[in-house]
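First subunit A sits with subunit B, and in the next complex the same chain sits with subunit C.
Let's turn to the complex of A and B:
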């Protein structure tokens, strides 16, 4: 890969990442913000590719673009008043403080790191290397991560589950429905009566 | 002996059609003589992309006709037979009609996001072809994380579908998009688990590596892991929005799903990509589970890409078959089938693959004897699992919905009006005539 091609790729991908990230702040519609976030994520994946880290690049697309953003869209769609203006938020000041702190610490790391060319060049078979080090050297953090995710999964199921009482009523009505004796009167469901109907009837 | 020597001079030459990579290598070497290497990489990239586009463009036109004709046969009718001989020009006529149609956009649509999806949906649709191995050295990019690349790229299509459904500002489009997203993130799980079985067992994430493993061990993966193959087939057909699982564009429920508001060629682009995805998924099923370009030595004599195309055609026919014969499932049936049947079953086979791989690697079992035994064991386990599901774990059929649904006979119509009137004790009002 020539030097020119590499520079072109780096600067255009960096512009894509930072431009997308700035548009997240500027756009006032939450869905637009998520789409800009996806563009920014894709730029980061491209940057990983220019660093010959194809495994991480692909995983970035798989997890952030394919899963996290879809999850965000789901959360936005299921939230009442998600259509509201993006700037109306009560936590603006704390959020700004947190972001500034994160930025300062990241910049600290950036300045502190000794940026030199990599000595060994690109690794081949990265997936195998990452897998082996996860299983051998970093088995404890790996397992903690796995337990955390499982706990999150169980917690989500527990939150989304019907109450026992509710489930019992539902099962009862289901059983009666199967037995052929419905206790659900169709008229009960039409409630409350429409104002126009009441007017027409009286 | 001399015949063999003659043959070996042909092997690897540019006119050796069994592997079109030879021709491409010739071009690359010729460019390397006079130009910088980045021209070579650009030229090979463009050649690969043009080859992919050149294959799928005409193939799609033929496939539209094939699919309609085959489905017509399944449903005992003739299918398209008016335009051209045997109706062969029908896809061309359809395309011309779609291009000439007016393209409308709803006034309340989110304009930019509304215009983008028909274009964006092409990107994953084309990119997926890049990692498909047509021969031993014949793929646009033989990544060593090919399986992950396939999953990553196919996962982004969901986002485009969501953009289409949301920006239309139409409740049916949004319903379709939400269904597509929900179904896609659910069915990705058994799909990943089915592929994980293969990755664990063959020890490589390169797609060509998986094919070469099958060639080396003289076995195709559908014999070793039949349940993973079936699960992958069903999950893929759900991701493709094809009829047993096309609830995201179910025309009897939600008009046309996420592309309700797309008219003319914009709809045509969605349709084309869907067909193209069907083709590429058939190709990947053939690659992963049926040995891809390899067929017990036949690939020495027949061009390997022809073998792959033949297998792809067979899988595609199976997809049309399921589409033509099976009724559409309800969304809750699809979801519960995914989470309660496919995910545990594929997970079981991931564990089985781990154990069997360990037996081969650590215990030193000889693959020539071990693989047939494992195949028999896995097939028996698959049959047992399916029988168990059919006998015991199958959800009880509901003759009537337990809760009254939106359009049940309880609400709306004369009966509802009459019951409303009864409930309000208003005998003087006669609603409808008895």
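Let's turn to the complex of A and C:
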């Protein structure tokens, strides 16, 4: 009976993950794509729970569902005149061929390899074990990771912030653009549509 | 049939392929970043599956590795989105088809 429950959990979580990812591929609206990303990430967190990796599952929910998706929504909303549409570039046919080749080869490796007898070993007290090994065995990577995160945060702030003067000009021109009375020639700021776009939209 | 390592690896491979296709084919820079995130998550899922079903020596180190991957992915997405914002400020578009300043 519990075996049936486990099967149900695995297959529904796998369907949630893969379905969410496929909806990102299909959906036309970028905001919807981020919402589907959240659903897919929740499915992966559930799959971590079925693998009894509870610490990783909680970290997944906190960082991906909580932080990264909100960051992406902010990035979308801070680029108001960019295209909302989640359409695809002209290289999608070669991309699909490459991806199908990658999928076939990885699936072949997965099915063909003899993975040996399965060990049913869930770690107990994972948070304690991971924390201890982070500050004992993996102390150098841990410190490098700390420096990386600090550098990334400072770099992101330095890139994204603008000088006060620039900010005033930018806000002014953006307001006028939104009001529809731009003094810039639209052809200067946005390139004319690519031939591939026109073809794809027609 | 039992749910075993192979099923988890299959889900991981499928998710990696979908993420790869999204990263290659999306026009919007944020869409490309979403695809990269999906690929990183597929790798994490594979590592956690190895931690559960693989040999006992690697059970802990794979999970620590997953924590590092999540940290690096968070740094990557923060810098990537800041770059998208700067490109938008200068070019008024974040479509990867139209940011062609380096094209000869």
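Assume the second predicted complex is superposed on the first by the 121 of 202 C-alpha atoms of A that agree within 3 Å, B and C clash if a C-alpha of one lies under 4 Å from a C-alpha of the other, contacts with A are read in each partner's own complex, and residues count from 1 in each chain.
As a convention for this text, a contact is a pair of C-beta atoms (placed from the backbone, for glycine too) under 8 Å apart; a residue touches a chain by one contact, two chains touch by 3 or more.
All figures in this text were calculated on a predicted structure; none of them were measured in a lab.
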Between subunit B and subunit C, more residues of subunit A are touched by C
A:102 contacts which: subunit B (first), subunit C (second), both, neither?
-> second
Of the two partner chains, subunit B (first) and subunit C (second), which one does A:70 touch, if any: first, second, both, or neither?
-> first
Once the shared chain is lined up, is A:32 touching subunit B (first), subunit C (second), both, or neither of them?
-> first
Does the superposition put A:55 against subunit B (first), subunit C (second), both, or neither?
-> both
Could you look at A:124 and tell me whether it touches subunit B, subunit C, both or neither (first, second, both, neither)?
-> first
In the superposed arrangement, what residues of subunit A touch both subunit B and subunit C?
-> 55, 59, 67, 74, 126, 170, 189-190, 197
Subunit C partner, complex, touching residues on subunit A are 3, 6-7, 10, 14, 17-18, 21-22, 24-25, 30, 33-34, 37, 40-41, 44, 47-48, 50-53, 55-56, 59-60, 63-64, 67-68, 71-72, 74-76, 78-79, 81-83, 85-92, 95-96, 98-100, 102-103, 106-107, 110-111, 115, 118-123, 126, 129-130, 133-134, 138, 141, 145, 148-149, 151-153, 155-157, 159-160, 162, 170, 189-191, 194, 196-197
List of subunit B residues in touch with subunit A within their complex = 36-38, 41, 110, 113, 143-145, 148-149, 151-153, 155-156, 158-159, 162-163, 166, 178, 181, 184-185, 188, 205, 396, 398-400, 402-404, 408-411, 415-416, 419-424, 426, 429
What residues on subunit C touch subunit A, complex-wise?
-> 2-11, 13-22, 24-28, 30-31, 33-35, 37-38, 41, 44-45, 48-49, 51-56, 59-61, 63-64, 66-68, 70-79, 81-86, 88-89, 91-98, 100
Which subunit A residues qualify as touching subunit B in the complex?
-> 1-2, 4-5, 29, 31-32, 35, 38, 54-55, 58-59, 61-62, 65-67, 69-70, 73-74, 77, 124-127, 170, 173-174, 177-178, 182, 184, 186-187, 189-190, 193, 197-198, 201-202
